[in-house]
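Worksheet: one structure, shown below.
In order of appearance the chains are A, B, C, D, E and F, and numbering begins at 1 in each one.
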Amino acid sequence: MLPVKRIEIIANYVELGKILQGLEKTGIEGCTVIRDVAGTSTRDDGKHDLAMTMLDNVYIIAFCQPEKIAIASEVIRNILNKYGGSCFISDAMELRTTKCVS
Amino acid sequence: MDVSLILSNILNPPVLAFFLGMLAVFLKSDLEIPPPLPKLFSLYLLFAIGFKGGVELVKSGVSQDVVLTLLAAVFMSIIVPIYSFFILRVKLDAYNAAAIASTYGSISAVTFITAGSFLTQLGISFDGFMVAALALMESPAIIIGLILVNLFAVKQEKSEFVWKEVLHEATLNSSVYLLVGSLVMGLLTGESGWEKLKPFTQDMFYGVLTFFLLDMGLVAAKRIKDLQKTGLFLISFAILIPIVNAVIGLSIAKFIGLQRGDTLLFSVLCASASYIAVPAAMRITVPEANPSLYVSTALAVTFPFNIIIGIPLYFYVINLFWV
Amino acid sequence: MDVSLILSNILNPPVLAFFLGMLAVFLKSDLEIPPPLPKLFSLYLLFAIGFKGGVELVKSGVSQDVVLTLLAAVFMSIIVPIYSFFILRVKLDAYNAAAIASTYGSISAVTFITAGSFLTQLGISFDGFMVAALALMESPAIIIGLILVNLFAVKQEKSEFVWKEVLHEATLNSSVYLLVGSLVMGLLTGESGWEKLKPFTQDMFYGVLTFFLLDMGLVAAKRIKDLQKTGLFLISFAILIPIVNAVIGLSIAKFIGLQRGDTLLFSVLCASASYIAVPAAMRITVPEANPSLYVSTALAVTFPFNIIIGIPLYFYVINLFWV
Amino acid sequence: MDVSLILSNILNPPVLAFFLGMLAVFLKSDLEIPPPLPKLFSLYLLFAIGFKGGVELVKSGVSQDVVLTLLAAVFMSIIVPIYSFFILRVKLDAYNAAAIASTYGSISAVTFITAGSFLTQLGISFDGFMVAALALMESPAIIIGLILVNLFAVKQEKSEFVWKEVLHEATLNSSVYLLVGSLVMGLLTGESGWEKLKPFTQDMFYGVLTFFLLDMGLVAAKRIKDLQKTGLFLISFAILIPIVNAVIGLSIAKFIGLQRGDTLLFSVLCASASYIAVPAAMRITVPEANPSLYVSTALAVTFPFNIIIGIPLYFYVINLFWV
Amino acid sequence: MLPVKRIEIIANYVELGKILQGLEKTGIEGCTVIRDVAGTSTRDDGKHDLAMTMLDNVYIIAFCQPEKIAIASEVIRNILNKYGGSCFISDAMELRTTKCVS
Amino acid sequence: MLPVKRIEIIANYVELGKILQGLEKTGIEGCTVIRDVAGTSTRDDGKHDLAMTMLDNVYIIAFCQPEKIAIASEVIRNILNKYGGSCFISDAMELRTTKCVS
């Protein structure tokens, strides 16, 4: 088993494309996208986001090698600072199968 | 004003469904139209009116009326955000003023569709080219909003990149794209395509609109709580500016000689505000603006106002003029 | 009993679709109706019958029949859970007995709808006010369940809070709310609204019911495995109590002088058990009860029994009485 | 070749919607049909054609034509993957060759449906039993694929387990199951069931097909990028083999004496390639094969080719033969 | 980057409202809700939950400051003890953007 | 609070049945399934998976006792090696309610 980092990003649907591009640019090629998640946030406007079924959020999960975190954070921070959204990073282990993140 | 007009508007399944949705939120019922079904309904409605508009346009041909109406449409969607901006600047900063101004310069397709079903109920006809006007009026306000921000707000970022992105969003967002695309499909297939799609696009239309407005009622009511933070100024704006825009709209329509049905639709286009396409674009154009201001006013004040009172009111005024 | 009745019930697209769904599970096919589509279908069906009921109620007016039927409906949904509770207490603890009793006191809208389509197929009419009876019979059993728990089970918690919550859930859960709401919409818009919504609510009805029963077949079959733990007592209860309830129901219907179609619908309301609204409420009312008992019996035994055998059986008995 | 045939195929709402979907991807519009709606549309289309096929089969009865067509269908779905395999082995390894061969031996229901709507537009009839041929042609190619892998590739694993699983997947995957199930439903309910479901399964058909092809356009266009890795050999194969298969198909149809409409459908069945059922089975049968090869060729080359050019082309050739 | 706690709650759809209220009461204002998740559980009844498309579960994810965990656990435990559902807590780091959980 | 392991598996929808069986065989009875997630991966074919709405992925989350990880990894690895898919393992704490994973 191999240590990896889990990057979780929650952002508005309209930013999905930009975030996926950002991840790819930093060499993070695997990721999973959950659509139509609802949410509330501490930001002023998000308090009733559950109401906006038309502009739902997406939840993006990407596992990557720990070395890539530094540069990935930079790229993601730039995108989220501009358009809003949250990002959290944590530790995990990858179960090695025939194909792995590294 | 004629109460029977308001009643005949309200006692309409789609409008009643809107009330039913709002009431569900106030009574805390757990009724919901689960996602992504509202998206399906809105795709369906856009496709249906676009396609029908195209088929009718091919029958009527491009007359002088059509050209004048389209010019008027573009004119209104440029001029509305500009004067709205200056009104809003009285109380708001440039970012928020520009975002709200754009919202009101653009249009709400559902308001347009509800006005169409109001006319159908009264047996008053309207023309296919009004759908083309609808499609044309979605985008210009977004571009005007971007110009306003660049002129009147201090932005540190390089705006070239934003320009490209906003133009793309303005012209190719899914609702404009589907509307224009289905209009072209209607133009190309004409009467023969219409025959085959009619049971789907025409006969289901009213029912889907009813379900969609049920969902809009739920969504609008949930947004109403946001209005506390919005303040009286914005709420008054959200009720008065549609009336102003509608009156300007119907004057122009009278001037270029539109018939009654088209005039109502044109007024409603001017009076309505966008709560999907523009908010999505504004998150890119002016991230500094507070979405709860521009979404809530358009969705929780102007949209219900137009659906319930606005449409019969504008029609009442039109009837006064037309006599 | 007349085999042709059972056959004419089974050789019906919706009932065949139910079999097709069950068979898919037994053969381990990967057929599924992906969520949230079953929710959409159930919203549609509730809306369609509510709206139609309202429209017909406005035509027929509120006669003595209507009042008597509604009183009988409330009476049955109070009395059924009470005697069911004492039958169930023979083998079960008070929590589970109360939960299952509530389930059988309430109704299943889909069973009602299937009975309606059975009547339509035979060309037998029924009245719009039966939908009002349907709406009235959903909730009382939930409240009776709560009373039973409070009387016969040792609860440590303060029940005031629970009362408020359960009452809210009982009267404003989405299916009751939508049913009543669409009934009122039908009342208000009457014939003119009906004309416009008919292609949607009437013409699509049969097809949507077919797809919904396909999904119900999948769901019911998956629940059948749970019956191992349920035991023979509960399975027998789940088949016998509907028959008992149906017979009591049709006696009352005969007594108050309902016509044949309405009598079948009333019997089916009495015989059917809830597998959505009540289970949701029971999780709040008696979290101590085991959901697999009350959901599985209602869904995997009583529901298929009513759909396949119950409806033609009750109708056969009704025909005996009516000759 | 007659240009008007291609035009009358293209100027058809479903085919135009396919273009609209592809164009949306090329222009980077954010148009999408959100999941799980495409799944609903495909369930609907399968159900509708299966049910209609069953109803018509009960009217026509099982003639010699029917038996011969079904035999020819099975024959083609066995023979196509075998000769395709040897053609593909020229450039590809045994795993990928077997997977792609299976893909082309099986069929695409949507291509069949589009051909049906093409015939309807031209006013040419076809028989209900063609749907049975469609159902029969889905699975054999999967089994042939498994045999080819076992004969020509070195597999270390015990294949017994795989056999059972692949047979299950081949015969009970949701599309075969629903198609056969609805065909049987049509057989059992006949004309009376048809009357009730007609507004749903017939009148909506064209509209749902239009929306489904809109989504297929989006999906196919997104796959086009994959073709870079695919190489010229496979792309040529994906265009030429359908033509070869169609010609063999129409010769057989001529030989067994099918009428014009049925001949086109049979050719289209032979010419089309599976992009759902077979890819799902191939992930189990030959995990060593690269899905982007067999999915992309079937979806991004052969499917659009058949929809746009293939159908009118095969029909043109048929008309030459039939004169 | 700032250490935060990830709270994951899986519960029946009918309890969503109560859980969101509970979270808000303890000052946890941001959260994300994934609807229509299916599940099996060790509890008797949950074994075939995949079958119940009408009563699907929701998956709630909330990232919060570590200090809030103590009180939040108390509140959530009370709700879940009564109505069922599971809750898991783990560590993560927040990528600081213009708006953050703390 | 009790330490548990979080197992996250992302795989194609057609493998869901097999993975659930595998988990059950190793005594992991609770799990949550999120359907219709989209994804990209480093494997050749997955690059444009976002396009394949008909063959969407599922995201499976199971919390289990740490002791079970060894045998569970073995089982999952066998399945994923054959059919593709990714698996990640991380640490979490379970909030003890009336019913718990252990």
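Things to note:
Rule of thumb we're sticking to: a residue touches a chain if its C-beta (ideal position, glycine included) is under 8 Å from a C-beta of that chain, and two chains touch if they have at least 3 such contacts.
What you see is a predicted model, and the numbers here were worked out from it, not measured in a lab.
Hopping across touching chains, the smallest step count from chain D to chain E is 2. Each chain's centre was taken as the mean of its CA atoms, and the one lying most distant from chain B is F.
Set side by side, C-E and A-F show the greater C-beta contact count at A-F. With centres defined by CA atoms alone, the chain at the far end from chain D is E.
Per-chain CA centroids place chain A at a distance of 38 Å from chain D. With centres set at the average Cα position, the gap from chain C to chain D is 41 Å.
Computed centre separation for the pair chain A/chain E is 19 angstrom, with centres defined by C-alpha atoms.
Counting only residues that touch two or more partner chains, chain A has 14, 34-36, 47, 50, 84, 90-91. Counting partners per residue, chain D has 30, 33-36, 39, 199, 203-204 as the residues that reach two or more other chains. The residues of chain C lying in touch with chain E in their complex are 33, 35-36, 38-39, 42, 169, 215, 218-219, 222-223, 225-226, 229, 275-276, 279-280, 283-284, 287, 290-292, 295. Residue ranges of chain A in contact with chain F, taken from their complex: 1, 4, 6, 20, 29-35, 61, 63, 90-99, 101. Contact residues on chain C toward chain B in their complex (touch as defined above): 35-36, 39-40, 43-44, 47, 51, 168, 172-174, 177-178, 181-182, 184-185, 188-189, 192-193, 196-197, 199-201, 203-204. Considering their complex, residues 12, 14-15, 36, 44-45, 47-48, 50-56, 82-84 of chain E touch chain C. Across the complex, chain F meets chain A through its residues 6, 8, 10, 34, 36-43, 46-47, 50, 57, 59, 73, 76-77, 80-81, 84-91.
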